[in-house]
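Shared between the two complexes below is subunit A, which has subunit B as its partner in the first and subunit C in the second.
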Partner chain A sequence: MEMILNFPCLCILLTMFSAIISSALNRRWARYLNTFVVTLVGILSAAVLMFTLTSGKSYVYQMGHFPAPFGNEIRFGSLEAGMALFFSVIMLLSLNGGREKIRMEIDPGKEKLYYIMINLLLSSLLALVYTNDIFTAYVFVEINTISACGMIVITEHGRTIEAATRYMIMSLLGSGLFLIGICILYDMTGHLLMEYLYTSISNIMAAGTYRIPMMVAIALIVVGLAIKSALFPFHAWLPDAYGYSTVSSAAMLSSLVSKGYIFLLIKLIYRVIGFEVFFGSRIINVLFVFGLAGMIMGSVSAIRENDIRRMISYSSVAQIGYIYMGFGLGTGAGMVASVFHILSHGATKSLLFVAAVGLTDASGGHKEFDELTGAAYRNRLAGAAFLVGALSMVGIPLFSGFISKLLFAQAAVQSQGKALAALVVLAVSTVLNAIYFMKTVIRIYTPTDKKYEVTAFGYKVSYAITLGCFILLNLLLGLFSQPITNWITQGLTILQ
Partner chain B sequence: MGGNLVQNYGEVVAMVLFGIGFTNLLLQKNMIKKIIGLNIMDTAVYLFLAEKGYITGHIAPIIKNGDFSPDTYINPVPSGLVLTGIVVSVSVTALMLSLTIRLYRRYHTLDLDEISTRLKKEGR
Partner chain C sequence: MNHILLFPIVFPILAGIMLLTVIKYQNRKPLLAYVGTVLGVNALWGLFAMFRVSEGVTVFYLTKSLPIYLKVDTVGRLFASLMVLVWLLGGLFSFEYMKHEKNEQRFYGFYLILYGVLFGLDFSGNLITLYLFYEFMTLTALPLVLHTQTKEAVMAGLKYLFYSFAGAYMALFGVFFIGRYAKTLEFTPGGVIDPSVFRENETLFFVVAMLMILGFSVKAGMFPMHAWLTAAHPAAPGPASAVLSGIIVKGGILALIRVVYEIIGVDFLRGSWVQQWWMILSLLTVFLGSLLAFREPVLKKRLAYSTVSQLSYILFGLSLFEVQAMTGSLLHIIAHVFIKVALFFTAAAIIYMTGCKRVEELRGVAKGMPVTMWCYTIVSLGLIGIPPTSGFISKWYLAEGALHTGIPVFSWLGPVILLLSALLTAGYLLPLSMRGFFPGEGYDAGRFAGKEPPLSMRVPLLIFAGLTLGIGLFPNVFTNILSAAADFLM
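On to the complex of A and B.
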């Protein structure tokens, strides 16, 4: 049992060292090492998840030889372990689904570098999930940004370089705000570890002094992370970055990178700022309004889009809006719904990206809707997978999207004063989602006589297995939602 | 209020610099000026941290003559944070500069908005 407590730290170190070792390997061995490490991290995280679920407690793991107020710590409970498992599963599936594309689109000399970036991305995600120290969180936020940028520019293309530059600028603005926020918090409390910060902040708030500087610091941290996770007005870089990078990158950027920042924010809300302080402040109203705006504007932009990859990207903007809307409701139920939506959106959006690439390849590489007519007949499996993803995004029962919409609606009803706005926007957004996803589904299932050269890509075994796993994951989240929401609720309770 | 501002002039300067750097990074069109803005912003944070860690009259935390009294030394943690932050900002600056070089080689301009309009005209 003692052994399992080492696993989270081991996972972080393993991914970091594999990134370093990959630089000395050739592309084939770098690929094998990456697959092995991601799988191993998944298995270890599953073991930690089982262990924390049975014990129902959270554990603190001391790094180095300095005890609590000074040293660095890792902390994990069932929620963190589950997130680590989820991230590694999605990463493995996205990489497998886009493997052919990686081989085709990336210069063979650079494929190795791509796997280095992936390893670094996983290590920074794990560190964001597990860390108990806010300055460590800042450092890994930057590592996450750099590796995400590397994943975008690896396909050398004018659009991706421009998108990566815009992404970096937005991210750096966000991390600048985050950094100054944590520096102000450190100055006011004198601590960097989360428990001590929590105690100091609740003391300061109870004493009633320095209320405004404290709120400024909290607002800077929240806004910084919101900018980094592409909340509505800060999403300009997103469609190009997701639309033109290689498909595995797009799937991972939408379902892992932005989710890592959001999970860090959840952790900060519960463990540093404190649930009551955060929900008593007016920051949540701002998040609520921008979340609602994102839900509508993201969907409207998606409807106007004529490129399937960019349409899916704009849909991500709307889904990030849902998650922040859940924060803005200011109830525990809203947070549970948001965490569930992180899982549901992660599983569905990567499925959609991977399925879309099968469809476009069956249409001679065209991404425009005119050319996609009947694509589902040319690649039946990708068509079926896209249908599942679309149904889930719209919120049809059986699929994961339905459960997250249901949870959001239930949370909205419980919240005071925000129920009407949240429910109306939820309904409108669902209709808009249905418009653009059903339009696409009808388009790909319309028979056509036009002939395209059939690439072998769509019928590869590993691609088929990946799509099968994604569909299964979606159904799993949709059908067994009760145990999952129980796990999230329990995880959020012991997060404090 | 005014007295506090004069007394904590270091922090005030840091915040003003942070604002200058932030607006430069956000609003400048020229990539190099954006990167300069980024560096001003990060340096402002380090000035803020260093200002907070320094205690007037105390010396650098290197133990001399077996003196372990906390009244002799400054707080070493903010200095450590500054060092970590410098490493991060150097790597981010290097990445931004390399992206700028790529863009310049392709489009022969440093103006990001012009590059975007050109990309939109090309249609892909």
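On to the complex of A and C.
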């Protein structure tokens, strides 16, 4: 069993080395290597998950020669392992679903680069999930940003270059704030490893000195990560970045990249800042308000959108708002709901992106709603998958979105003072979701006599299998949520 | 053994999905045979199952505290039996009617799915199961509204959807709160909330109750959320508007009975502002619905307004929290199903045979379609409440119940408004009969000649007209069962 303890580290190294090796391969082998590595990471993470679930403990793994408090460490429990598994599954599915598109939209000479970026992205995500060192987290946040930019810009047309630039600027602003926050924390505590930071911070807070600098540091870190994960009102970069990049990129950006930052924030809340300190501060009220605003504004923007890809992107703004609203409730139940929503939104949003591309391709590549009329008849599976995604987003029972909403609402009614606001906004936002998603569903199921050129895309077996897996994943989250919430609850407890 | 309750839910849903995806029929005959078989088999099985099984069945757990749970009781049996009857006769009626619509296979696919979903709704044994099937009912009824896919139909469908979702989420809001305070969400006459807990959070529970009442009564078309109904009914094909008006809107009423009587408990609400507002809104709707119907020239729209008004009779009866009024409500549910389905069948038959949609075009229609118009006249009398029809009995119970409660103002205002509305009902329903049978001078005699609809359309009409009379003539069969059920719920 000792062997399994090496797996998280092995996963990170595997992905990094495969990125390096890929640069020496041709595009076909780079693709094979990437698929192999992502699958392997998934399998290894599953093994780690099984192991940590049965033992019910968390493990610290020393990296390099120096022991704590100086060296670098990896730490993992069931929550981390599960996230790693989830990330690799979604990545594999998103890549498979958009494979044809990658081939069509990316210059053959650059396709190799794309897989290098993907490998780097996965390595940085894994590192963000597993690391126990706050500065390592920063380094991988930057790697994450760079590879995400590469994934956006790779199609090389004007809109994506502009989008990538905007993303880069906002993202660097976010990581800059994050870095300053870390610096202040380091100044005050002299530590970078999370355990030691936690002890120092609770000592400082207990002593009552340096309260304000501490709050500033925490606020900087939180805001930095919030900008990077596109919390309203820092979402301006998002619709372009998700809307115009190739579909696999869009799916991964919305389901993995932003979720990686959010997961890092959760880790910081539990392991560095401390649950009580964080929820005792006023920062959560700010997050709560912005979360609520995002839930409404994201949906309002989505309603006004005439481009299906951008509409789905704006819906992400709303969904990110849900997650921060869960943080803002300031209870353990709210956190569980947020983590569940990371999973449910990740699974649903990538499904929607992949399904939407099947629909647009069946409509001559147009993304406007007028042209999408009847698209579900031209590509039945994509239509059905979009329907499932939409129903989940609207929060119909049996689908994963309903369980998210249920958990949020249950968390909200337990929290005094915020219950009413949270529930009202939850209801309003759900109705708004229903407006644009059901409008789209009706649109794609309205027959039309217009003929479109039939493309090969969307009739491929791998695309069909991907959509099938996505639908199953969604139903799995919706129908068998109890073991999953148990796992999250357990994982959050041992995170501390 | 108890799991046979699942069969009538799952079987038609699967059959419908098959029809939508796998099976492709080139001709009508095999399609109709398929649909007819599923309808028939499922009706038999459903009726057998619900009268045989009385224990609950937990299907699976959505989360640890939220089981999907089925249980049949008297109210469920009442709704399910009505639904089966309407579904069978509506199917028969549509076999002819749908000839002039396209995409029949899709229509029947959703018709069958909805059949299963409604069984689920009627059989649900706790709040979360009810909510699940309620949402699916909203969704699977949508394609029926949208069926013609004209711009009007799509707009009507969207309107229907948004009103329904808005209502459903208002209700869900309440479900969340109740989920926190209640010991269980299983339907229990008298409510599931501890009196002491209720007294502590009285204001909260009143707000929650009001929200749930408003939310679920969207489906039942209570003012101010009634607008979807009058848009959706005329846009749907004839048989679809009949089942919408007969059955789907009753889903809202079923949910209200469950929530008010079996989750919150009437003893808590008696005399509160929630009850008062509920009475005010329902009486307002009774009156306004009739008034608007009176002014409406398009026949199907007129009938839709009439539905708005009549459903609020039922809601008013429910809001009184009194056994006799409740019995009246349950009776009126039965009466309204038979009458309104028959009325919409008439409208559909007229459209199908002549293409006329407005009332003033129909002078002399009874000369060509005597059977249809006789049925129309009989059920119209029923809706107005003239003895010996079913409407008379139910309204009698409602008025008696209202007077019996002794609530200030409402105990006499209610019956007065019911009477006024009955006058208006006569005013909007009977002119069609009068002009139909006695067109007066100068009408085109040949226009409607030989337009009597075929047998498969006439038979359902005749059956419903007969049932309307039948209940009026032998009311005791029903009143005993229903007043026992009402008594049980109090």
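Here is the rule we use: the second predicted complex is superposed on the first by the 496 of 496 C-alpha atoms of A that agree within 3 Å, B and C clash if a C-alpha of one lies under 4 Å from a C-alpha of the other, contacts with A are read in each partner's own complex, and residues count from 1 in each chain.
Criterion: contacts are C-beta pairs under 8 Å (C-beta built on N, C-alpha and C of every residue); 3 or more make two chains touch, one makes a residue touch a chain.
Bear in mind that the values here come from a model prediction, so they are computed numbers and not experimental data.
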Touched partner set for A:P447, first subunit B, second subunit C, both or neither: second
Which superposed partner A:P108 touches (first subunit B, second subunit C, both, neither): neither
A:C183 touches, of subunit B and subunit C: first, second, both or neither? first
Touched partner set for A:F135, first subunit B, second subunit C, both or neither: first
Subunit B versus subunit C as contact partner of A:L173, first or second or both or neither: first
Which superposed partner A:G158 touches (first subunit B, second subunit C, both, neither): first
Contact residues of subunit A, present in both the subunit B and the subunit C interface: none
Contacting residues of subunit B [partner subunit A, same complex]: 18, 21-22, 25-26, 31, 34, 38, 41-42, 44-45, 48-49, 52, 77-78, 81, 84-85, 88, 91-92, 95-96, 99-100, 102-103, 106-107, 112, 115-116, 119, 122, 124
Subunit B-facing residues of subunit A, complex: 70, 135, 138-139, 142, 145-146, 149, 153, 158-159, 161-162, 164-166, 168-169, 172-173, 176-177, 179-180, 183, 186-187, 192
Subunit C contact footprint on subunit A (complex, rising order): 380, 391, 394, 396-398, 403, 406, 409-410, 412-414, 423-424, 427, 430-431, 434-435, 438-439, 442, 446-447, 479, 481-482, 485
Residues of subunit C touching subunit A in the complex: 21, 60-64, 66, 103, 128, 131-132, 135-136, 139, 142, 146, 149, 154, 157-158, 161-162, 165-166, 169-170, 172-173, 176-177, 179-180
